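Shared between the two complexes below is subunit A, which pairs with subunit B and subunit C, respectively.
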Partner chain A sequence: MTRPLVMGLWVSFLILPFKGVEAAVVCWVIVAGLLSAWTFLSPYQKRLGAIRQTWEVLSQKTLRSARKQTSLIRGICILCILALPHVVPDYYLDVAILVGIYVILALGLNVVVGFTGLLNLGFVAFYAIGAYAYALLNTRCGLDFWAALPFAVGLSAAAGLLLSIPALRLRGDYLAIVTLGFGEITRLILNNWDSFTMGPNGISGIAAPRIFSLSIGGLSHFYYLVLLFAFATFFVTRRVHASKIGRAWVAIREDEIASSIMGINTTRYKLYALAFGAFWAGLAGAIFAAKMRFVSPESFTFMESVLILCMVILGGLGSLWGVILGVCILVLLPEMLREIQIYRMLALGAGLVLLMIFRPQGLIGGRGASLRN
Partner chain B sequence: MYFGGVKAVEALDLMVRNGMVMSIIGPNGAGKTSVFNCLTGLTRPTKGRIRFSEQDITSLAAHEIANRGISRTFQNIRLFRETSVLENVMVAQHAKIRSGLAGAIIRGKSFRDEERGVREKAFEYLGFVGLTDYAQGMAGSLPYGAQRRLEIARALATDPLLILLDEPTAGMNPQETGEVMQLISRLKELGKTILLIEHDMKVVMEISDWIAVLNHGVKIAEGRPADIRGNALVIEAYLGKEQ
Partner chain C sequence: MFLQQLINGITLGSVYALIALGYSMVYGILELINFAHGEIYMLGAYLGIIFFAFFTAIGLTAYNLPLALLLTVILSILFCSSYGFTIEKIAYKPLRNAPRLSPLISAIGVSIFLQNYVMLTQGATDKIFPHLFGAAGFEFLSVRMTFLQLSIILTSLFLMMILRFFVRKTRMGTAMRAVAQDKTMAALLGINIDTVISVTFIIGSGLAAVAGLMVAMYYGLVNYFIGYIAGIKAFTAAVLGGIGSIRGAMVGGIILGLVESLGGSYISGEFKDAYAFIILIVILLIKPGGIFGRADLEKV
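So, the complex of A and B:
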């Protein structure tokens, strides 16, 4: 019976520095009360189980009848997404563009972490390389977005290959440390090479993309551009996942030795995964630079890597829809919780901890992949 | 083959003839699995050569050896646990698939035909070991005996000439053991050569054409089952010397 009281105490401790004694006591009462009620109710849980079962049967029935309507619902969803810029104010459009950029990033990282099982803590480096590649090519050489894009993604993918030379000799934690180092090195170079990258001041005056004579400066234009690229990322990763390449990646994640016995060149496919993931990060970077019209090393810190990793893990490692859900939650939630500023990181952290305890495979568990092994 | 200062296998001279079922037996720690690891390229022999189909494969990587036609199962089952049973067998056909990245993205006719072929083949192999009903299930949640059979199906799906089976009946009841024995003789009928590590003497004596006995990394005897049964050295290795 003491368990609810202790857990309530924990919560009030967390609250104490932010809201003072009064709120802490209130919190303690609420949490302890709810938890004791739950323990008290546990004898009745069998009945609750029955209720849940009926609920599941019912929802399955509705699902079955809904399947006929899926195409209709899908159509409505697509229409909503397409119509968004004409309905919502600019602020939400801005957030939506951010979601799109993160979707590209997270889907890219998902290839590395979710499919192949290589823990990459420096993913933001490739994002930075893509962004700086476009920024520099545009401001120094005058290349426009479409001409610079192949260089940006190519450079990122090449950086992925470069990283894989030392990284592929390592596994698990050691790989994570090397990728972490790579991310930091990239950021420090950008920060300190004043003559080339303008250092911490960043690069401003980056041109917006143009299609023929139409400049994509407006938010709604940009929204469609990001939507297109995010869709392309989703489409391509899904197809590659359902091919021999994707199967090889998953096999490596599951058991590297067994995969090599199945005739898979494990080194080569890990290399593919890193370069493939970096490719999308480079794309996201170039889009980010074009959207912000400004890049600085500040946007590419370690926390950014962690955030992208959280998106992938939250939604469900290896599941594409899960990753998108994770992105939506981690971009939208902090925006919605802006009013309670100091709490949002706390709530987010607590949420992630709880998620890892109760659903280690993420919200939409992709084929049970988790980072536990 | 040495591990640090420890001799695992020394001066082993083994010859496996095409189409035969050959067993390697010996007490625990005799070096049987080390032999398998050398043959499949997971560890490199310190000295000596491995030849397969007239070619030297000693220094090849594991996946290259696999593509020359050697496949294996593992003593401690190594399935791709969190993927479907079907996918386990599809992965094993990796080397036979020609279309690459571009094919996968465009998903043209040749790609789709190839994928369908891989799928059908996979069902064939699953049928061979009697796991068709489990195809969509998760490999890791199969019952133990079925996991061992899935490993055999997966090894077979690489289309090997030589299959190495590392204790395929370990931990099985007599009925399951019987099923595996049947499976091995059907593999032989398919024209596969089989190298077997096994502790169950009944299995070994019944299905082997040839037996090699290892002890402390040294081959102490070799011959037909009937010869091995009465060999004094073998009996000594297993039971100890008579006082």
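So, the complex of A and C:
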């Protein structure tokens, strides 16, 4: 019975120098209370296990029914998404556009982390390259969105190839560190190469995309544009996942040595994965630049990489619907809880730890995903 | 100018070396990049400021400065070690048999948590460590070295000597080396793995606390995000020297400090932070084992 008290004491001891005596006492009461409640309830843990199982079954069931969903449900969903700009105020539309951009990014990262099992901590570098490519081509060379898009996307895919030269010789966590270094180097270059990228001031005055003579400056037009691209991303990654290349990726994730023995050229497929993921990040970057009309290195920090990674992991590594769910949660939740937004990153950090301990496969990960190495 | 930068580089490098030891020891035993280690260093710097301010407030500093400093050091080490111990128990221990990426992601989570924890409790603005020693120092061959720099270098060297002795000669040190070589075998021989891992985290965190405290004194300014970049640099130092090797961490730290201060003054100061990453990528490509490490065979 003393265990909760001791653990509470330990936590308040840790907090003491940072928050003072008062907070430490409060903390002790809270932690000890919660832990004793937990010990008190532990005989009922079997029931908790039952709840968990129900959740598992339910999530699988919803997923399955969603997979073979009737055309009716599908139609209603599509109608809702299409009608969104006509029913909700501009603010929500803005958030919806943000969700769309993050969906493209997260689906791209999912190819690298979820399908192939390579941890990329510098994914934001490709996003930045796409954004800056469009920003520079537009403000310096006067190219419009559609003309600049192939360059932006191609450039970030090429950067993905460039990164894969050193990265593919490394395993697991070393690879993660090198990608992190790549992300930081990219940000430092953007921040310090004043004559080219305008340094920390960023580039402003980027033109909105146009279709023929129609400028897509308005939110609702932009919403449809993002929707189109997000759908394309979803569709293409799904088809690629089901193809020979996709199956090779999954094989590499599950067991690299075994798959190379089976005749899969692991280096080449890992290279495809990195470049393919970077491709989508470049697309998202160009859209982001066109939406904001402004880019600066501040938008492309390590925290952004971690945020995208969290979206992929939260919903379920390797599961496309899971990734979209993760994006929705992590974009919408902070928007809804504006008052407590300063705690957002704190909760994100704690959430990552808890997720890894209790549900490493993500909310609706299930059978398709594994973190095995 | 060159010699001056040399001294600055060695000072900086010995701090990196102290942090690098924590990475190196944990990696040697758990094969985990302890992302949160840089935050422990940051906590050390903050704790130093907090405790020193506390002792100043109760008048101990005015009464007896060395005693106040000593107590500050001891308390910072105590708290940082407690944090390191707790982090391992909460965030890494449940994941010991999990796939390799899980603990790494968990470590990133801890790192984000600690950064924001300090930001929320201590504020987002710079914290100031009072200027204690001024610019007092001595001149040698037209190079100025402050007493603070000298004591940073000497303290680091002293701690590394103790650590080396501990790992080589004591029972616990022998157990640590055994666990690093083969966990299952060590457990079969009656070594308590959990204790060894806890001790590793406690020692590593204590060293990081000292490093943080010394940096707080040296620069006088501390912020909640200093841990991330220092952590990456120290990790680079550990990889450079050969991860898992104490000697390697020392040498790697010094080299990194030198590159940073010489490169910063002769090539470009703006890209000071990029050197560490470039060195890291190059060393991983050319000699992934580092200077003192051995090539690592992949086990099936």
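Here, the second predicted complex is superposed on the first by the 286 of 373 C-alpha atoms of A that agree within 3 Å, B and C clash if a C-alpha of one lies under 4 Å from a C-alpha of the other, contacts with A are read in each partner's own complex, and residues count from 1 in each chain.
FYI, a contact is a pair of C-beta atoms (placed from the backbone, for glycine too) under 8 Å apart; a residue touches a chain by one contact, two chains touch by 3 or more.
Since we're looking at a predicted model, the values are computed, not measured.
Once the two complexes are laid over each other on the shared chain, residue contacts for A:185 go to subunit C alone; subunit B is not touched. When both complexes are overlaid on chain A, the residue A:257 reaches subunit B and subunit C alike. Once the two complexes are laid over each other on the shared chain, residue contacts for A:357 go to subunit C alone; subunit B is not touched. In the superposition on chain A, A:177 contacts subunit C only, with no contact to subunit B.
In the overlay built on the shared chain, the residue A:265 is in contact with subunit B alone; subunit C does not reach it.
Of the two partner chains placed by the overlay, neither subunit B nor subunit C lies in contact with A:39.
By the touch criterion defined above, A:54 lies against neither subunit B nor subunit C after alignment on the C-alpha atoms of chain A. Between subunit B and subunit C, the partner in contact with more residues of subunit A is C. The interface of subunit A with subunit B overlaps its interface with subunit C at residues 257. Those residues of subunit B lying in contact with subunit A across their complex are 40-42, 61-63, 66-67, 71-72, 74, 78-83, 87, 90-92, 94-95, 97, 99-101, 103-105, 107, 111, 115, 138, 140, 154-155, 158.
Within the complex formed with subunit B, the residues of subunit A that make contact are 236, 239-240, 242-248, 250-251, 254-255, 257-266, 367-369.
Here subunit C touches subunit A in the complex through residues 31-33, 46-47, 50-51, 75, 79, 82-83, 86, 90-91, 94-95, 98-106, 108-118, 120-122, 228, 232, 235, 239, 270-271, 273-274, 276-278, 280-281, 284-285, 288, 298, 300, going by the rule given at the top. Partner subunit C is touched in their complex by these residues of subunit A: 10, 13-15, 17-19, 117, 119, 121, 166, 169-174, 176-178, 180-182, 184-185, 188-189, 192, 257, 302-303, 306, 309, 313, 342-343, 345-346, 348-353, 355-357, 360, 370-373.
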